[in-house]
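Below, each structure is written out as C-alpha cells.
Here come two complexes built around subunit A, the first alongside subunit B, the second alongside subunit C.
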Partner chain A sequence: MLRNYLLTAWKVFMRRKLFTAINLACIVLTLVVLMVTTALLETAFFPTGVEGKSGRFLQVYSIYSESADRGTQRTSRLGWKTVERHLKHLPGLERVAALTGANQVSVYQGDRVSELDMRRVDADYWKILDFKVLGGRLPTEDDERAGRMVAVLNETSARRLFGDAAAPGRRISVGGQSFEVIGVVADVLHMNAYADIWAPLTTFPSTDYRSRETGDFTALLLAKNAADLPRIQRDVERAALGFVSDDPHRFALTRFWGDSKLDVFARELLHNYDQADSGGARVLALVGAAMLLFMLLPALNLVNLNMGRTLERSTEIGVRKAFGATGLQLAGQLVVENVLLCLAGGLLGLACTQGVLWLLEQSHLIPYLEVGVNLAVFGCGMLLAFVFGLLSGLVPAWKMSRLDPVHALKGNA
Partner chain B sequence: MLRHLLKLTWQRKTRNLMLSLEILLAFAIVFGIAAFGLRYLQLYRMPIGFDGRDTWSVQLRTDGAEEAIPADVYATLRRGLMELPEVREVGFASYSPYRNANWTTTWKSPVTGAKVRTNIMQASDGVAAALGIPLVRGRWFSSVDEGAAVEPVVLNRRAAAALFPGVDALGRQLTDTEDGATRTRRVVGIVDEFRHKGPLMAPDNFVMTRFAPLARKDRVTTVLLRVAPGTPRAFEARLNERLKLLRNDWTYEIAPLPAKRAAIMKEQLVPLAVVAIVGAFVLAMVAFGLFGVLWQNTTQRIPEIGLRRALGARAADIYRQIVAEQLLLSSLAMVVGLLLLAQLPLTGALGASLDWTVFGAAALVSMATIYLLSLLCSLYPGWRASRLDPVDALHYE
Partner chain C sequence: MIRLDKVSKTYRTDKVETLALKDIDLHVAKGEFVAMMGPSGCGKSTLLNLIGLLDRPGQGSIAIDGMPLKRYADRQMAKLRNHTFGFIFQRFHLIPDLRVIDNVELPLLYRSMGGAERRSLARAALEKVGLGARMDHYPNQLSGGQQQRVAIARAIVGQPQVLLADEPTGNLDSRMGAEVMDILLQLNGEGTTVVMVTHDEQEARRADRIVRVFDGQLVA
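What follows is the complex of A and B.
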C-alpha cells in the first residue's frame, strides 16, 4: 500500500516539476532557518569539545541577597570567599573551579593597543574544561601558588599580537602588568571557556579579592558522574541557606543555585534568583512556540500550493472514491505525500544548513563560532520537517477527502 | 471594471481567503521590521545631549571592593591626570555614556505629588566640560555648591516637564525617597536632552546629581577625560601608566567614547539585522508561494481566458486583468492588516515607540514592498496567460 502511495507521489511530483521545486524551496528555506537556530542553541546549551563535560558539571553563576523585609536586594557574581568557604568543600565533588568573567583589557605593544577579553582562572579550571593546546603548556597549581605572571592566549589573539612568530616565551603588557605567554590554545566560544587571554588568579594586582563575598567569580562544580547532580544541587541550596553575609543586618537571606547552562540562562533572563526553579522549561517552551509560529507562514504557503494541486487531481480522487476508498484513506494518502516531500526537503535543508553554518563561521560575525550539524540537530530537523508536513498537509487533505465522487470524476470540483 | 474584478475575486473566496491570509501575515511581518527600523532612524536623528567626540572613559576596577573611596583619592586622581599634556578636563561619574546600564530612582513631584521615575547619574563638577553637555538654562555644578544645605540637581527638559508640569523648574526644590531617607534637592540647571545609551535610546527622564565626596562618603568608578582633539589611541598606554602610578592595586578599563559608541550601536543594531534577515527569508517564501498559486490559477482559467480572447479582448487586457486581480487581492488583505495594526498606536500599546509618524511611514514602506512583490509575482503568469492562442485555449483539456 505504502509502495503505491510512494509511486503515486513520485508521479505527481514529477508531473509538475516547477511546483515540486517551489514546494521544496519553501520547505528548505523554512527548515534551514529553524535548523540553524537549533544548531546554535544546541552549541550554546549542550556543547561538545572544550566544555564537553557540561553534562557532568553545574555552575554557580550569581549570588542573590535580600534584606528581611525584601526592600533591599542585591544580585552579583560570586566573590572568592564565597567559593572558597561554601562551595569548595561540598562532599562528593571531583573538582571545583573558580573563574572570573571575560573582562576587556588592553594589551600594549609599543604604540599598538589591542583590546582582548581576559579571564583569571584557577588551576582546576584547566582540568574541568578540555582545551586544545596548540603550543606551550597550560598553567599549573605550581604557577598559581608561586603567583607567576604567566598567561595563555588563544590562537586568533596570538596571531594578532605576534603574527606568525611563536607566542610562548614572549612577554606582553596587559593593562600595565607584564605577563609571560606560556601557551596557546584553540579558539572557543563556549560560555565558560570563551576568552582571548587567561591568567592565574594570583596575578590580581592585590589580594583583596580573597576577602570578598561578592565579586566577579563563577564556580564550576564537576561531579563524579551525572547521576550525582541532583544531590549536588541540593547541597548547594543548603550551603546557601547556611550563608551568613558580611553585613547580616542589611542582607538577612542569601541564595545561590547549582545550575546547568540552560538554567543559568533562564535564571538570568527571568530573574528567578530567589526560587529553585530557574524557568528553563518555560524558556524552552517559548522557543518551541516561536518556532511553530515561524512555521505558520510557510505552512500557509504550502497549503495554498497543495490546494491547487488537489483540484488538478480531482479525476484521480473521483476514481478512487468510486471504487470505495474512504475520505480518511484519501486524506491519509495526501498527508503521507506531503510529509514525504517535507522529509526530502529536510534532507536538502540539512545540507544547506551545513553550508549556512560554515558561512557563518567564516564570516566571523560571531567570534570563534564553531558549530556543526550532529545527530541531535539532524533528529530535530527531521522532527521539524515532519511537524511541518503534517501542519501543511492537513487542510488540503481534509478538503480533498470531502470531494463528491460524481463531480470529481467529471473534473469540475 | 472594479466591480467585475471584485465579483471574480469573491467567486473564488476559499482559495483567495488562504492567499490573503498569507499576504496579511507577510504584510504584518514587513510592517514590524519597517517600524523597528524607522523608529531607530527617528531616534538616531534626535539630539543625544552631549558631544563626547574627544572624550575618553576610564572604568576603575577595584576587584569586588564595594566600600566608599575617600575624597582625597579622587583629588589625587584628578590632579595626577590633569598633569598629562593631552588631558583638558577630568570628571567623575557613576557610569560612562554608551554603556548598556540603567540606574533609576523615583522622585515625588512637588507640583502634582505624583511619583516620577527617572534615570539618575552622579556627576562631578568637571563632567559637563569633559563630555560637552550644553546647558539650555541655569548652570552646571561647581564649587559654589560645596557644603550647600540643599544639594543641586540638573534635569533634562523631559524630566523638568514631568516633575514640574506647567511651571518653571529652575530654582525649585524636589525630594526623592530612595532608601527610606528623604532628601531635598534644588534644580540649578536644565539640559535639552541626555540619552546616555546613545542615539538609539528612547528619550527618557534624566536627573543628574552632584558627586561630592567631601560631603558624603561615596563611590563612583568612572572617570571621564576631555583630551586634545586628534589624540591617538596610543595615548592609552601612557594614560594607563599614569593611573598605575596613582593607584597600583586597581585595574583600568580605558576606552575612547567614539569606540564605545560604535560598540553599543553594533550591539543595538544586531537584533534588527537578525529580524531583517529572517524577514527576507519569509518574503522569499511568500514570493515563491504567490508565484506558484498564480501560475496554477492562470492554468486553471485557460478556458475563461480563451473565451475572453475570442470575444475580442486584447493580450494587454488579459495581462492587465491578471495583474489587477492580484493587486486587488493584496490591497484587500492589506486593508484588513492596517485596520488591525492601527489598534497599536490607537490604544498606545507600544507607547512612544510606535507613534503615528512611524506608523504611517512603516505602513507606506510595507505596502510598497507587498505591492512590488505582488506585481513581480504576477508578471510572468500574466504574460503567459496573455500569450495564449484563443483557439488552443478554448480547446484546452
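What follows is the complex of A and C.
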C-alpha cells in the first residue's frame, strides 16, 4: 500500500511542478528558521564542544539575599569567599572550579590598544572544560599557587596581537599588569568558556576578592557522574541555608542554586532567584510553543494549497472509495503524502541550515560561533518536518476523507 | 443476492428538492445479468449507486445476501464494497498517475494482502481481459477500449460477487463496445452477477433481464 501511496504522491507532486516547488519553498524556509534556532539552542544548552561535560556539571551563578522582613533584597554573582567556604568542599564532587565573568580589558602592546574580554579562573577550570590547545600549555595549580603572571589567549586574539608569530613566550600588558602568554586555545563561544584572555585567579592586583561573599564569580561543580546531580543540587541548597552573611542584620536569608545551563538562563530570565524551580521547563515549553506558532502560519498556507490539490483529485478519491477505501485510509494517504513532502523539505532544509550556519559563523555576528548540523539537530529537524507535515496535512486529509463518493466520481467535490 | 424494498431517494439543494427514485422494489438474483435502461436523468445511475452502496437511500431498505444495511457504519460499508462489488464506469476513471498494473491492484490495497499476492492477482486479471502485455503502460498510452478493459480488470481483481457497470460501452465505438460486452457476458457465465446501465437496446437484450426506469420508478 505504501508503495502505491508513494507512487501516487510522486506523480501528484510532479504533475504540478511549480505548485510543488512553492510548497517545498514554504516548508524549507520555515524549517530553516526553526533548525537554525534548534542548532543555536543545542550549542548553548546541551553538552557540546568545550563544555562537553556540562551533562554532569552544575553552575552556581548567582547569590540572592534578603532581610528578615523581605524589605531588602540583593542579587549578585558569587564572591570567591562563598565559593571557597560553601561550595569547594561539598562532598562527592570530582572538581569545583571558580571563574569570573568575561570582562572587557584594555590590552596594551606597544602603541596599540585592543579591547578584549578577560576571565580569571582557577586551575580546576581547565580540567572541567575541554579547551583545544593550539600552542603552548594551560595554567597549572603550581602557576596559581605561585601567583605567576601568565595568560592564555584564544586563537583570534593571538593572531590579532601577534600576527602569524607564535604567541607563547610573548608578553602582554593588561590594565597595568604584565602577563606572559603561555598558551593559545581554539576560539569558543560557550557560556562558561567564552573569553579572549584567561589568567589565574591569583593574578588579581589585590587579594580583596578573597574576602568577598558577593562578586563576579561562578562556581562549576563537576559530579563524578550525572546521576549525582540531584543530590548535589540538594547539598547546594543546604549550603545556602547554612550561609551566614557578613551583614547578618541586613541579610537574614541567602539562597543560591546548583543549576544546569538551561536553568541558569531561565533563572536569570525569570528572576527566580528565591525558589528552587528555575523556570527552565516553562522556558522550554515557551520555546516549543513559539516554534509551533511559527510553524502554524506557513502550515495554514500549506493547508490552503493542499485543499486545492485535494479537490483536483476528487475523481481518484471517488474511485478509491468505490473500491473499498475507508475515510480513515484516505486521510492516512494524504497525511503520508504531505509528511513525505515535508520530510523531503526537511532534508533540503537541513542542507540550507548548514549553509545558513556557515554564513552566520563567517559573518562574525556572534563572535566565535561554531555550530553545525549534528545528529541531534538532524533528528530535531526531521521531527519538526514531521510535525509540520501533520499540521498542514490533517485538515485537507479530513476533508478529503469525508467527500461523498458519488459527487467525487463526477468530479464535483 | 440484492434486494431493494420501497427505496426512495431525494436530492436537496438550497431551494430545490428532486425526487430521483420512488418506491423501488428490485431483486437481483445471484448469477443474474440485469440490464437497466431508461432515458437520461431517469434515475438509473442513482439506482446503481444505491445498489453499490456508494449512496444511501432516503427511504426503504437495501439488503445484500439477506443482510439489511441500514445501520452499517462507513468502515463496514467500505469493506462490503471492497469484497462484494466491482465497479465499471463509463469514463473508466483510471488513475492517470499509476501504471495499469497499479490501477488494477487498487481494490486489493484495502485488504490485508501481501504485495506479491496482489501483483499476481492483478496480473491474472489483466491477462483475463487480454492486456497481460500492457501492465507497465500508463492509462493515457492505451485506447479507450483498452482502458475500459483495464477498468474491468480492476473491477474483477478482488473476485467480487457483483459487477456494477454504468454505461460501460458509452464511450467506446461499436467494435470495442462489443468486446467489452463479450467480457461481461463471459464473467457472468462464470457466475458473477452483473448489473449494467445502458442506453443500447441491442446490448440490453443480451442480458437475462431488462429493468426499465422512468421518472424514478421501475416500469414493466
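The rule is short, and it goes like this: the second predicted complex is superposed on the first by the 412 of 413 C-alpha atoms of A that agree within 3 Å, B and C clash if a C-alpha of one lies under 4 Å from a C-alpha of the other, contacts with A are read in each partner's own complex, and residues count from 1 in each chain.
Simple rule for what comes next: contacts are C-beta pairs under 8 Å (C-beta built on N, C-alpha and C of every residue); 3 or more make two chains touch, one makes a residue touch a chain.
Quick caveat, the model's predicted, so the values are computed rather than measured.
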| item | value |
| --- | --- |
| Subunit B versus subunit C as contact partner of A:19, first or second or both or neither | first |
| First (subunit B), second (subunit C), both or neither touched by A:29 | first |
| Which superposed partner A:162 touches (first subunit B, second subunit C, both, neither) | neither |
| Partner chain in contact with A:398 - subunit B first, subunit C second, else both or neither | neither |
| First, second, both or neither for A:175, with subunit B first and subunit C second | first |
| Subunit B versus subunit C as contact partner of A:104, first or second or both or neither | first |
| First, second, both or neither for A:301, with subunit B first and subunit C second | first |
| Chain touching more of subunit A, residue-wise (subunit B, subunit C) | B |
| Complex contacts: residues of subunit A adjacent to subunit C | 1, 3-4, 7-8, 11-12, 15, 315-316, 318-329, 404-406, 409 |
| Interface residues, subunit C side, partner subunit A - complex | 49, 52, 54-55, 74-75, 78-79, 81-83, 85, 87, 89, 93, 95, 97-98, 102, 105-107, 109-111, 115, 154, 158 |
| Touching residues on subunit A, where the partner in the complex is subunit B | 18-19, 22-23, 25-26, 29-30, 33, 71, 79-80, 103-106, 108, 111-113, 115, 173, 175-176, 204-206, 208-209, 212, 214-216, 294, 296-298, 300-305, 307-309, 311-312, 395, 411 |
| Subunit B residues within the subunit A interface of the complex | 15, 18-19, 21-22, 25-26, 29, 61-66, 180, 232-234, 236-237, 240-241, 243-244, 248-255, 278, 281-282, 284-286, 288-289, 291-293, 295-297, 300, 397 |
